[in-house]
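By written order: A, B, C and D. Residues from 1 in each chain.
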Amino acid sequence: MDFEFDEDQVAFGAAVRRFLDAKLPPSRLRTIWDEGQGYRHEVWRELAGLGVAGSLVDEAHGGSGGRLTDLVLVLGELGTHAVPEPAVETAVVAPLVLSGFGAPALQQEWLPQIAAGDTIVAVAARPEGARVPDGATADVTLVRSGHEVHLVRPQRVTARPLAGADPSRRLAECDYRLDDSTLVTVDPAASLLIDTAGAAGTAALLVGLCDRLVDLTREHLLTRQQFGRPLAEFQVLKHRLVDVAVAVEAARSLTWNAGYRVGVGDPGAAMAARAAKAAASEAASRAGAAALQLHGGIGFTWEHDLHLWLQRAMSWERSFGIARELRAQMGAELLEAK
Amino acid sequence: MDLTLTPDQASFQDEVRTWLRAHVPTERLASPGTPEGLEQHRSWERTMFEAGLAAVHWPREHGGRGLGPIETSIFYDEYLAAGAPDRLNRLALGLAGPTLIECGDEAQRERWLSNMLSCDEIWCQGFSEPGAGSDLASLRTRGVVDGDRLRVDGQKIWTSHSQFADWIFALVRTDPEAPKHRGITFVMIDRHSPGVDVRPIRQMNHSSSFAEVYFDDVEVPLENVVGELNDGWRVAMVALTNERSSNLNTAAHFERLLGEVIDLVPPERRRDPRIAAEIGRFHEEIEAYRYLTLRTLTELSKGRRPGIQSSMGKLWWSEMQTRIHELGLEMLGDDAELLDPADAPGGFVHRYWLGRAAHIYAGSNEIQRNIIAERWLGLPKGR
Amino acid sequence: MDFEFDEDQVAFGAAVRRFLDAKLPPSRLRTIWDEGQGYRHEVWRELAGLGVAGSLVDEAHGGSGGRLTDLVLVLGELGTHAVPEPAVETAVVAPLVLSGFGAPALQQEWLPQIAAGDTIVAVAARPEGARVPDGATADVTLVRSGHEVHLVRPQRVTARPLAGADPSRRLAECDYRLDDSTLVTVDPAASLLIDTAGAAGTAALLVGLCDRLVDLTREHLLTRQQFGRPLAEFQVLKHRLVDVAVAVEAARSLTWNAGYRVGVGDPGAAMAARAAKAAASEAASRAGAAALQLHGGIGFTWEHDLHLWLQRAMSWERSFGIARELRAQMGAELLEAK
Amino acid sequence: MDLTLTPDQASFQDEVRTWLRAHVPTERLASPGTPEGLEQHRSWERTMFEAGLAAVHWPREHGGRGLGPIETSIFYDEYLAAGAPDRLNRLALGLAGPTLIECGDEAQRERWLSNMLSCDEIWCQGFSEPGAGSDLASLRTRGVVDGDRLRVDGQKIWTSHSQFADWIFALVRTDPEAPKHRGITFVMIDRHSPGVDVRPIRQMNHSSSFAEVYFDDVEVPLENVVGELNDGWRVAMVALTNERSSNLNTAAHFERLLGEVIDLVPPERRRDPRIAAEIGRFHEEIEAYRYLTLRTLTELSKGRRPGIQSSMGKLWWSEMQTRIHELGLEMLGDDAELLDPADAPGGFVHRYWLGRAAHIYAGSNEIQRNIIAERWLGLPKGR
C-alpha cells in the first residue's frame, strides 16, 4: 500500500506547471476568450509536446503508455491554469476508449494524431440535440447512442454554435449522422468507461482549479485591509476558507483514488470516479462561492482574473455528471445492494 | 501509487483474520462498567496479550509487534470486521504507553508498559478541567513539590473509564508564575491514592460515561513525572500526536454506521432520490475520509510527520457523523423519541448526542479550524 | 393592517411569564421529571386559573372566548419555560375542535372542565398503535380515524407506556375502541383543524423555547472566558448565534401570522400553520445545536439546565409535523396549483 | 393584530390597481441604457408624476402622497403585480430625495425635489470606493474648500445608473485630520461638471450595470453640501435608513421568482419529494420575509424606528435568493450553461451572479451579522 505519486509523476506535473505558468497566464487566456469560437488550440499542441496528450496512448502509437495515475497531477495543473481545450475528452477518454474498444485500424488512424496534439476530441452524450463543448470545432467526436459508441468526423456533424457563459467551452448543439461506418463498439463497458474516465479526469481538473481559487483567496485575505487590519485576521473569513480547503483535500484524496482505480481497471473504478467527481464539484462550488464573497466587489469585474476560474469551474462542475446525480446513483446502488 | 497489499501485509492480514475468527468471543461482552463485564473485557485483553496482539503498533522491545501505521490500520479494520469487543485500555495503548516509550525513562517503562498490555492496570486521562475548556493550557490543578513528591490539588473533568481505572496520566501546574504553556508537568497518578475522588457525571442522554476526578492533597512520587518538571506541555503534545493510532473513528467504522442507516430506510422510501443522494453523499464522504487517512498513513510509513491531517480528519468525521445520525433518526420516525436502546433500533438517539459531543471534545471544531487556518493556510492568528 | 399584539395580549403573556418564572423554575421541572409517568399536572391547574386553558373556550362554557392570537404570546411563555403539559392539545386543539364540530352536549360536558384546567387532552393520529404523548394519563383523547374525529375516555384506551427521551412527554403506544358513541364528527375540516391548530400552537411553543436557548447561549458567551477573553468576542461564535437569532425572528413572524389566520378562520390558515411550524422546528433545531456547541462540555451534563430545553425542543420539533414533511406538503400544493 | 386592509387602504389599493391597469405600457420598455429606452422610461415616469404617483411615500408638500409605510408597500405590491417598468430614478426617490427632505435646506429642496419626481434629473450614488469596501467610512475622495466651492478629487465605484444620471450624491472627505467617521461631507455633484468621468465596469456576467466615477478637480458650489460640512456621515446614515422604502426585494418580488422556478420544474420531477420540499421551504422563507417586513412596517407606521430589521431582512433575502436561483439553474439543466437570456429561459445565470453580488453590496452579509450581533444580541464588538 502506497498512496503517493512517484518521482516521475511529480516531475511530469511540475514540468507542465512551469510550462503553463509561462505560456498560459491569465492574459493569454483572455486573448483566447476574445478569439472565441475560432480559437485553434495552439496551447494544446505545445502541451502535447510535453507528453500530455499521449500519456495514455500506448508506445506503439506514439504515446508513453501510461496509466491515468500518471496524468492526475498534470490534469490538476491544467485545471489550475484553466486550459481552454477539452483535455479530458482528448487525452483521457478518447485514448482509453479507442485503446480498449477500437479496431486496430481505428487506433492506428487516431491515436498517433491524438498523441501529437493534432487532434482535438469532443464527447457527445447522445446523437441528436446534444450540447457538446467544442461540438463545432473538434476534429472528431465520440458519440454515445444507447450502449453504442461511435467516432464521428466533422462532415457528419450538424452543429449549431451556442453562446455559452464559459468562452472556453465553445458549446454547440449537435446532431450526428451515425451508421456502421462510424461504429466503434457495442460493448456497454465502453459507455461506462466514458462516464468513469470522464468523471475521474474532470475531478482532477477541478481539484487543480480549486487550488487556484484557494490560493487567490488566501492572498486576497492576506493583503486586503479592512477596518485597519488584513481580512485574514477575521475569524469568520478564516473559517470559511478553511472549510473550502478541507473540502478540496477530501476531493483530492478521492481523485487520486479514482485515477488509480481507473488506471488499473479496478471493478470499483466507476464508484470511485463518481465519488471523486461529486466531491470535486462540491469543493469547486464552495471554493467559487467563498472566493467571490471574500474578494468583495472586485471579484465581480471582468478586469479581475477571478471570473476566468469561476466560469471554468461552473462548466466543469457540470461535465460528466453533476454532484447530486452522481450521489443519487451511488446511493441507489448501495440501497439496491442491501 | 499502489493500493494492493504487499505480500507481507497480505499474510499479516490473513494471520489476524484467522486468529480473530478463532478467538473473538461469540457473545457480546457485558459493559466494562459492570464487574462481570470488566472481567470479561480483561480476559479478552489477556487473550490478545498472550497472542502478542495487545498493541501491534508498539515497538517489539516493549511488547508490541512493531508494525507501521498501514499495517496497524489493517489490523484494526480486521478487528472491527470481526466484531471484536471495544478495547478496554485504549488510553494506555494509544496515549500513555507511546508517551512513556517516547518521553519516559527506563524505570517508568519497566514499571508500567507491560501492565498496560496485560490490562493488569487500566488507565484514564486527566487533561480537561472545568475552567479550561478549549483553552487546555489554562489548567489550574496544582502540583507542589514537597521533598521527593508532588502534592496535587484540583479537579479534572470528562475522564472516561475512570470508574475502573488504576492510573491517571495528568497535567498539573507546577509553576504558577511561568507563562501559561510552561510550568505544566505531565505526571502519572495512582487512582487509588488517598485524596483521589471519582464522581460520575450524569449526561443529558441519561447515561454516565465520564467522570469528574477530584484531587485533595494527593501525594505523587516525583519519579512518576514523565519528562522534566515544567516540561509537561511538550510531553502532552507528544501524547496527543499519538492519539491517532487508535481504532476509533476509522472509515470502516463509519461505513458500518452508514450500513445501519441503509437498513433503516423503509421500503417505500428506498427509491426516493433525495434519500439516495444523501446516502451516496455519505458514502463519498466516508471514502474521502478513508483516502485522506491513507495519505496520512503513507506519509507516516515513510517516516514523515504530517502536520495538519489530524485536525482535518477530526473536523470531517465529527460533522459527517452527525449528519449520518440525523438521517438515521429521520428514518427511525417515531422510534427516534424513545429512550431505551432496546426499543430504539441502533440506539441512534444515544449515539446522536455522543456524536454531538464529538464536535467539542478532543479540540472543539472551532479550535481545529483555527489550527488549519494558521498552520495549513498560513493565515495570521488573531481575532 | 396592524401586525402587532394589543395591550391585553401583551399583558396576558407577561402575567403568564411572571407566574412561570416563579412557579416553574428548572428545579421544579426536574422534580416533575423525576416523578415521571405519575405526574399530576398541578402547574396546569394554576395556569388555568390565569385563563390559559380557557382562552379559546367561549364564555358560555366558562372560557374567555378568545382567538388563537390571544394565546400566541402565552404559548411562547409556556415554551420558554418548557411546560410539561400537553398545552397545545388541551388549550388549543381540543377547544377549537369541540367548539367547531362537537355536539352541544359534548361541548357542555368537556369545555368547562378544560377551561378549569381539570381535564388534560391528548391527541392521537390514528386509532391503533399510535404513539401518544400523555396517552396513558390524559383525561380524554381526541382520536383521528381517517376523516373521522373521536373523543375517547380512558376506559376505552389500551395504553402501553414507553420510555421516551423527553420525560415531559409521557409517551404511550395506544389503541382506542371507537364506535358511534365516541364519534365527534365526520367532517374532514375537523382533522385538518387538528393539524393546523396543532402546528400553529406548537410553533408558538417552539419560538418561546428558542428565546430561552438564545438567551442562555448569549449569557454563556458573555460570561465564559477562553484564551483571556469572553467567548462573545469570537466572531465565528457571534455569527453562529446571529444565524440562530435571525431564524427565530423569521419563525416568530410566521407564527404570529399563523396564529392570526387560524384565529380568524382564514382559508390560508393551513399553509400558514405549516410554514410557521416548519420554520419554528428549523429554528429550534439550529438553536439547540448552536446552544450545545457554544456551551461546550458543560451543556452535555444532566446537572446543567440546557438539556431540559433541548429535550423539549426535540419533541416539539416532531409534534404536528416535522419540517421536511410540512415543506414537502407545501411544495406539492404549489406545484399542483401551477 | 388585523391583517385586513382598512377601508382607506382598500380604496387606495383599488385606485392604484385601476390606474395601473389603464396606464402601464403594454409592451416591455427598452433598457434605460439605450437612448430610446431612456426616453420610454422618462415618459412613463412623467405619466406617474402627472398622476401624483411618482413618490407616494414623500410628504404632500414635496409632491408626494404622504403615504405611510404600509400604504407604500401596498402601492408597490400593486406596481409589481401590474408588471409596471422598473423605476428609473430609484436612487433619487428612495435616498437622495428623502435625505434632502430630512436634512436639506429650503433652497436645496426647491432646486432638486421636483425634478426628481418628474425625472427631469436622474440621480446616482457616490458612496463606495475601491479602497474602502465594507469599511465605507475609510473613503478617500477628497473635497477641499476653496472660497465658495469644494474642489473634489478621487474615485467612486459601483455607481449604478451613472451612464444616464445628471446628479451624484456623494460622500467626500473634507477633513483628513479628523477621526474616520468625522470629516466626511455629503454633497450633490453635477455629473456634467468638468472633471467628472464615468467609466462603465464590465462585469463577469458579461454585462455592465455599474460604473466607476472619477473626479479630477471637480468644482462643486458649497451650497450643494447637505447638512453641515464634516457632518456627512450622519446625513449618509439618514439616507441609508431611507433605503428600505424602495420597491426592490419585496416578498412579492421573490414570490414571482419562485413562481418562475416552479414553471421550470420538468414534468417528471414534479413529484420528486425533494423538489417539493425545497419549493415548500422557499415558500416558507418568502412568507417569513413578508411577515418580518410587515412587523417593521407596523412599527414604522406607529412612529417607531425599528433598529435591526433591515440587517436581518437583507441577510435573509440575499441568501434565500441565491438558493432559489440555484434550484432554478438545476431545473434549467443544460440551458444553465448558456449566456444569452434569449436562449436561457429567465436569464437565470445572469440573475444568479447579480444575486451573488447581493451578498456583498449594501453592507456585506458579514457586516450585517456583525451589526446584528452587536446591536440586537448585545455582544461586544471585537474580534
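Everything that follows uses one rule, which is that a residue touches a chain if its C-beta (ideal position, glycine included) is under 8 Å from a C-beta of that chain, and two chains touch if they have at least 3 such contacts.
In this text the structure is predicted, and so the values were computed from the model without any measurement.
Visitor: Counting C-beta pairs in contact, does A-B beat A-C or the other way around?
Guide: Most C-beta pairs in contact, of the two: A-B.
Visitor: So, comparing C-alpha centroids, which chain is the farthest one from subunit B?
Guide: Farthest chain from subunit B, going by C-alpha centroids: D.
Visitor: Can you check how far apart subunit B and subunit D are, centre to centre, with Cα atoms defining each centre and the answer in Å?
Guide: Comparing mean C-alpha positions, subunit D is 55 Å from subunit B.
Visitor: Between subunit A and subunit D, what is the separation of their C-alpha centroids in Å?
Guide: Inter-chain centre distance comes to 40 Å.
Visitor: Rounded to a whole Å, what is the gap between the Cα centroids of subunit A and subunit C?
Guide: Their C-alpha centroids are separated by 53 Å.
Visitor: At least two partner chains per residue is the criterion; list those residues in subunit C.
Guide: As it turns out, subunit C has residues touching two or more other chains at 234-236, 239, 324.
Visitor: What positions in subunit D touch 2 or more of the other chains?
Guide: 273, 277, 366, 369, 382-383, in rising order.
Visitor: Looking at the complex, which residues from subunit D come into contact with subunit A?
Guide: That would be residues 128, 130, 133-135, 138, 157-158, 201-206, 330, 334, 336-340, 343, 349, 353, 356-357, 359-361, 364-366, 369, 383 of subunit D.
Visitor: Under the stated contact criterion, what part of subunit B meets subunit D in this complex?
Guide: Residues 272-274, 277, 382-383 of subunit B touch subunit D in their complex.
Visitor: Okay, in this complex, where on subunit C does subunit A touch?
Guide: Residues 234-236, 239.
Visitor: Can you check the complex and tell me which residues of subunit C touch subunit B?
Guide: For subunit C paired with subunit B, touching residues are 131, 162-166, 169, 171, 224, 226-227, 234-237, 289, 292-293, 296-303, 306-307, 310-311, 314-315, 318, 322, 324.
Visitor: Show which residues of subunit C lie in contact with subunit D when the two form their complex.
Guide: Counting only subunit C, the residues touching subunit D are 1-6, 9, 69, 214, 218, 221-222, 229-230, 232-235, 238-239, 241-243, 245-246, 249-251, 253-254, 256-257, 260-261, 271-272, 274-275, 278-279, 324, 326-332, 334-335, 338.
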